[in-house]
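One chain, chain A, links the two complexes that follow: it is found with chain B in the first and with chain C in the second.
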Partner chain A sequence: MSGLLSVADLHVSFTTRHGTVPALRGVSLSLAAGETLGLVGESGSGKSVTALAVMRLLDRAAQVTGGRITFRGEDITQAGRGIMQPLRGAAMSMIFQNPRAALNPIRPVGLQIADVLRAHRALSAAGARDQALDLLRAVRIREPERRLGAYPHELSGGMCQRVMIAMAISCEPALLIADEPTTGLDVTTQKAVMDLLGEIIAGRGMALLLITHDLGLAAQQCDRIAVMERGEVVEEAPPAALFGAPRHPYTRRLVAASPTPRSEVHTLIGLTPPLAVLAPPPGPPLLEVEGLGKRFGPGTPAVDDVSFRIAPGESLGLVGESGSGKSTIARLVCRLLDPSAGQIRFSGEAIDAFPAARFHGHPRRRDIQLVFQDPGDSLNPRFSACQSIADPLRKLLGLSDPAELRRRATFLAERCGLEGSLLDRFPHQLSGGQRARVGIARAIACEPKLLVLDEPTAALDVSVQAVILNLLDRLRRDTGLGFLFVSHDLNVVRMMCERTVVLQAGRVVETGPSARLFSAPTAPYTAALLAAIPHFNPPAALTPAARA
Partner chain B sequence: MPALLRRAGWRLFGSLPALFGVVVFTFLLMRVLPGDPAIFFASGPNAGEAEIQAIREQMGLDRPIPEQLVRYLGDIGRGRLGRSMGTGQPVVTDLVNRLPASLELTLTALLLALSCALPLGIVAALAPNSAVDHGVRLLCTLGVCVPTFVSGLLLIYAFYYLLGLAPDPTGRIDIFASQPPRVTGFLLIDSALAGDWEAWRAAATQLVLPATTMALFVLAPLARMTRAAMLAVLTSDFIRTGDALGLSRRRVVLVYALRNALLPVITIMGIVFSTMLGANVLVEKVFSWPGVASYALDALLASDYAPVQGFVLLMAAIFVLVNLVVDLLYGLADPRVSME
Partner chain C sequence: MNATLRHAAWVLRGNPVTLLAGLGTFVLLLLALIGPALLAYDPVASNVPMALQPPSAAHWFGTDQLGRDVFSRVIAATRLDLAIAASAVALSFAFGAMIGAFCGYIGGRLDRWVGRFVDVLMAFPLFVLAMALVAALGNRVENIIYATAIINLPFYIRFARAEVNVRRNLGWVEAARCSGHGPVGVVMRFLLPNILPAMAVQVSLNLGWAILNAAGLSFLGLGVRPPTPEWGIMVAEGARFITSGKWWLVVCPGAALMFAVLCFNLLGDGLRDILDPRLRT
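Then we have the complex of A and B:
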């Protein structure tokens, strides 16, 4: 019993209506005191189930069907609440994805921290309050006295995660499990939170089990990384070895599919064909945006004096953090919103004056189409894939012959790599990647000239993202579509776009060719964004000493 | 706090058009309903046409309906709701005398229902689809299926007639007990203020059966809403956080889950209260309870316009107030909600 935590040959299965589904199939891990272990893998690989099994927080439908979990030499595989409750929070703690939801919305955060302290220590209310204040200072929350009485909805996502960390470390546990702690946070916030977390666990000698889908993040934070695929750990190694010489084919695919500062679209899926660099054809620009502004009520405008151009067949990236106005610009360009100021010209024709509420009847509607972020929510749940794809054909082109619609939908689906046999399925019967393909097929159904992509792969696993990005890139090269590509992921934008616009608080900070902008940014904000991306390529990031 | 009061004032002010609409609608409805009060209140079945006509003129019923309406509105503006032909008293006096009886019964029944429904909803939500859950579901279904006059009579049969535990089910207090001096009109409060615990006991025992009858009827919506809200809250992330950080089960369920689950329960509570106040006429009748609902029913059967109109206006005003209170409670219970 040398280690702090050991998981040996753990099997967990879920009871569903369709029988028993295995979630973990023999997972073995071990973690010594003060060590950091990363658990990476795609959705459904069993990372979170492993963590919840260790905490004994699996829900009713899940059963541990085999294996052993040992914590500090004690077998807790089937431990009940009587054994686990004193351990949780005091000896092992956990922080979660989506920190705002993880905090009680109607209880001040100071009290929530005090609740944890008083659950494990004999403290007076005032004593707990003082310790909570110290903890808020330790997680570097500004004006901690004032924040004690704040509710989660009054704090930003990053602050909520700091509060969550304060709660988790309040009783100095020996093990901290962090389940996607920074997913959904902005890249600079992510860096600040991860730096803080690294500092705290190093300073207090805590062991960290970091669950993430982000290989770069795991590489920067962890001594060792375990890769999970479909309920099994397929490979475990220190970051340098894992990324330098991945042994397992799945690890190799995963490493290749993760966008890095040097990857190209085709290398993500392991191809090496040289793709001809597109020269934008001469002629008038496809889209011209000048002095665009949008204001929602009083206060600072959401979009302020933004100008850019897209040539036919060109791809322009829009990057920025949440609240930078990139999605608003996408919706303004699609004419789903009316601008407060500025002009939008499409092929030389002004389209900004036409009211958004009636733009669906505008002859340009079919030329500007949109691909949405969430491929599930943006499909009508009562439409089959075929109906979804055929919908714009019926509405915008006025086709009504079922056989013709079916023929065209099949053709479009094929172009987007969707098998014809899937066309009669409903969104809930399709995987995330398949839904994304339906969304793209629908967007290109009317042969638009400009495709506005609003975070098209943000909800997808990296391997699926790699395939979808390649699909989009190929479509653009084959059909001469123009792209307005909105993303928070700078590596993706660099690969997909010839030029990039960097936004901050509704204003353009920097514009330029992607290759130049990402290698030698001129604006400090761009440089800060780039520096915040977790990398696993630079050798400096591979040594644990480089952490914080 | 002044801001809160100002907003509450605005809310009340904003409800005036609705109250006005209620008054006009009730007024017209009463005029449309068949039955002539003048005939009803004439001295006897063989009163002559002349006498009836005289009564009609005395009551103002011979004037055009718009004029009657304007005069009625003018009276309301001066705080008068007319005179009841049945009791011979001004309607305002009757309502003031009888409203505390109804409120005392309804509030007691609501408290009783809540004190049963919350625990039942919680235990049902903690073990969904278990035997306990099914038991609660059965109880709720029974409560809502059995009409109040049936459950009231059954309770009287069992506890008064068979077991002899309950007192004579007529009125608010045993006729032999001394009535406490009237301060608020709530017998429990008045007798407590007077220090007359004998009378308090008498009033309380009198209250048990009718309050239970009403509570049974509204148990279902409250318990089901509590269960549904608890089920939803118990799967939220912050409950998992509480468990993951070692909070006691009690704290997680009662402080973290229940307080969040109470928000929809408060909403339904306001609706239930308003409904009970008006719909408890059956209970008032069965237990000879001198409340406003039975008063309004008697007046309606006698084509006595003024009490019915006054009752409807009172109910509308109470509904407005209850909704205001619910919104204030909501603001207290959930920091994310403000009155705006």
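Then we have the complex of A and C:
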């Protein structure tokens, strides 16, 4: 069979000062015209390097050390710019992860599309503009005439990605490479963008190489899926076979670790069900939020009339898309921001009147702690892990004896599954999962009563996420901590929380027990959110619950 | 620390200019420390019979109008010039970084007032401002230091403010607040140490500029007074003889000045490379 693209035994290594590091170790793929191949794997598995190698866009530090890349029967493994320039954009094109960063911020998007067209075809400015307009219509941007002159910052993330798609398909390439095209977009936007992409490649007979970490997304879009681990393709199969009966142990682990509408926290890492949550002691609610509002300058408020309560030891989920105000609520509850309206009561005590700027000295400071989204920027780059964990002990408990601090930090780190030998490392010497553990150890250092978790696993690979979620779940069972769990991932919230609040544009849309809310949502918005989650288990995707 | 040194060594291997600049800076510091002890001639003792001799084996850089050895004077001046520049830069760095960091972190009214003050300061031609300050405060070496420090202050304030501004909402700053740190703790223990590497680049680039500034003020007769050996004065005094072909009086101290400025600037560029996290892989 004469495929469109074939990659045979491709080896790529990077030259660093510590020697050569292999990135791809014998990758073989083939893609026929009009076919969709998914490339899944965790960060560092070599997905993007494969795509960049095909486009011949690899960094100067990278060398192809072996193998062949054949495109339309022509060997392009070592092709120079003269061969690649006419191919890129015209015969093969690429959609990048962060569309806003991939567009030129100071040029109207219409002109950017026209630039691509005019680079490959002899077109007048007016002709290119007309075609750009047609393309914007094809990617279903509303008011395309007006958007032609828009700058990227005037468009939403989803619209920017549509523009990127318009640019990528402008010259009708035979091969489209999409590198995490919807990572960072909301689920509903992701669904719209992926539906559009699927329609376009089907309508125009393009082949798609879809790179993603999201198994569900790959399952819904691809004819075949290749799983990559550490620079190798470990398994390749159609989605039904791959997810129905994964053969390679890594695939099995990956499938198990990906949250689905039916998974439980412990099944993600293949454990037996843990003990039930301790019955919350009777007494006043741990946290009561009433009519909370926050306004940043004029215009619509970021948070508007939000009320909820958390019982001691309870876990409450806060879900919503970007701009729903969930992170703002987390910061209001943590008293890092002052509310514009409403009350926050902690164990019956009103804490909203105390200004956030001076809350660091409030006796309740140690009771409410925050775990951050990006473990990369939540640790002081100049503190070792031990210093980071010991910092709240020093400030909030007034401990100063170095040996005692060290002993406590070691204990906390071990409790969070971080080896004591890693305590002297600095954040850049730790992996994402290890950094997340340091962040959690720091947050529980002073034995808070409420832990606010702001997308604690959003930046982590699924297998790491599975372990961290289990860690958090166990901590809660052991200590009776209350959780305010902020996330955009509905499957994660369903597993972690007893009750869930759904937010849209700063307002509460629906509140209820997670089990009920996810099986029979009452608000149309909740139903739309649930329907937009990509599932990799075809039968699960067809159950009434997920389609409601 | 070991890793930092290894990284520095790795950057320097690919960047010999920085290595040269570093060596030059080292030589300058050495001369400033022990140079005066090594001199064959007293830099201030005049020897009129030997006046205005061109460079020779006995007087490498020739002699000036009073018969003083130019080489000895150029070397002896290193200490004073470096001391003026270093103290001025240290002063503006210490105050500027602190003020800028607090402005960037706290914002609000403090930031607006300091911002306007900095704008006003920068609206003056800085060299003229320095001249006015020295003239008003009195013609002494300390006042050159203060004047140079004040005219450098706006750059440090702005730089520190901008560096803090991009970090003030990062997770670890919010975490510090959750750990019970107030604004002073956050700025002093968290933000300042993190902007230090970027500021070090600024300091090195600024040192060269401060040396020029001090020499410029002395050239105009402000601050250091004859017969003290100082590069700016030497150039000023030598300028009278340049029309009669006595080039060494101007060229030798001028070259020393240029060498110092060049070393600090190149070192600053190199430091930027060493500290650039994007190069740390």
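By our rule, the second predicted complex is superposed on the first by the 530 of 548 C-alpha atoms of A that agree within 3 Å, B and C clash if a C-alpha of one lies under 4 Å from a C-alpha of the other, contacts with A are read in each partner's own complex, and residues count from 1 in each chain.
Operating definition for what follows: a contact is a pair of C-beta atoms (placed from the backbone, for glycine too) under 8 Å apart; a residue touches a chain by one contact, two chains touch by 3 or more.
Not measured: the values here are computed from a predicted model.
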**Q.** Superposed partners chain B and chain C on chain A - clash or fit
**A.** fit
Q | Angle at chain A between chain B and chain C, C-alpha centres, nearest 10 degrees | A | 30
(Q) According to the stated criteria, A:515 is in contact with first (chain B), second (chain C), both, or neither; which is it? (A) neither
Q: Identify the partner contact of A:153: answer first if only chain B is touched, second if only chain C is, both if each is, neither if none is.
A: first
Q.
Output check: A:350 vs chain B and chain C. Expected answer is one of first, second, both, neither. What do you get?
A. neither
Q) Which holds for A:93: it touches chain B only (first), chain C only (second), both, or neither? A) first
Q. Looking at the overlay, what does A:373 touch: chain B (first), chain C (second), both, or neither?
A. second
(Q) So in the superposed three-chain picture, is A:361 touching just chain B, just chain C, both, or none of them (first/second/both/neither)? (A) second
Q.
Quick check on the superposed pair: does A:527 touch chain B, chain C, both, or neither? Answer first, second, both or neither.
A. neither
**Q.** Minimum C-alpha separation between chain B and chain C after superposing on chain A, in Å
**A.** 5
Q) What is the shared patch of chain A, the residues that chain B and chain C both contact? A) none
**Q.** Complex contacts: residues of chain A adjacent to chain C
**A.** 16-17, 331, 334, 336, 357-361, 365-366, 368-370, 372-374, 377-382, 388, 391-392, 395-396, 428, 439, 442-443
**Q.** In the complex, chain A residues that touch chain B
**A.** 55, 57, 81, 84-90, 93-94, 96, 98, 101-107, 115-116, 119-120, 151, 153, 164, 167-168, 171
Q: Would you tell me which residues of chain C are touching chain A in their complex?
A: 10, 170-172, 174-183, 185, 190, 193-194, 280-281
Q. Any idea which chain B residues touch chain A in the complex?
A. 236-238, 240-249, 251, 255-256, 259-260, 333-336
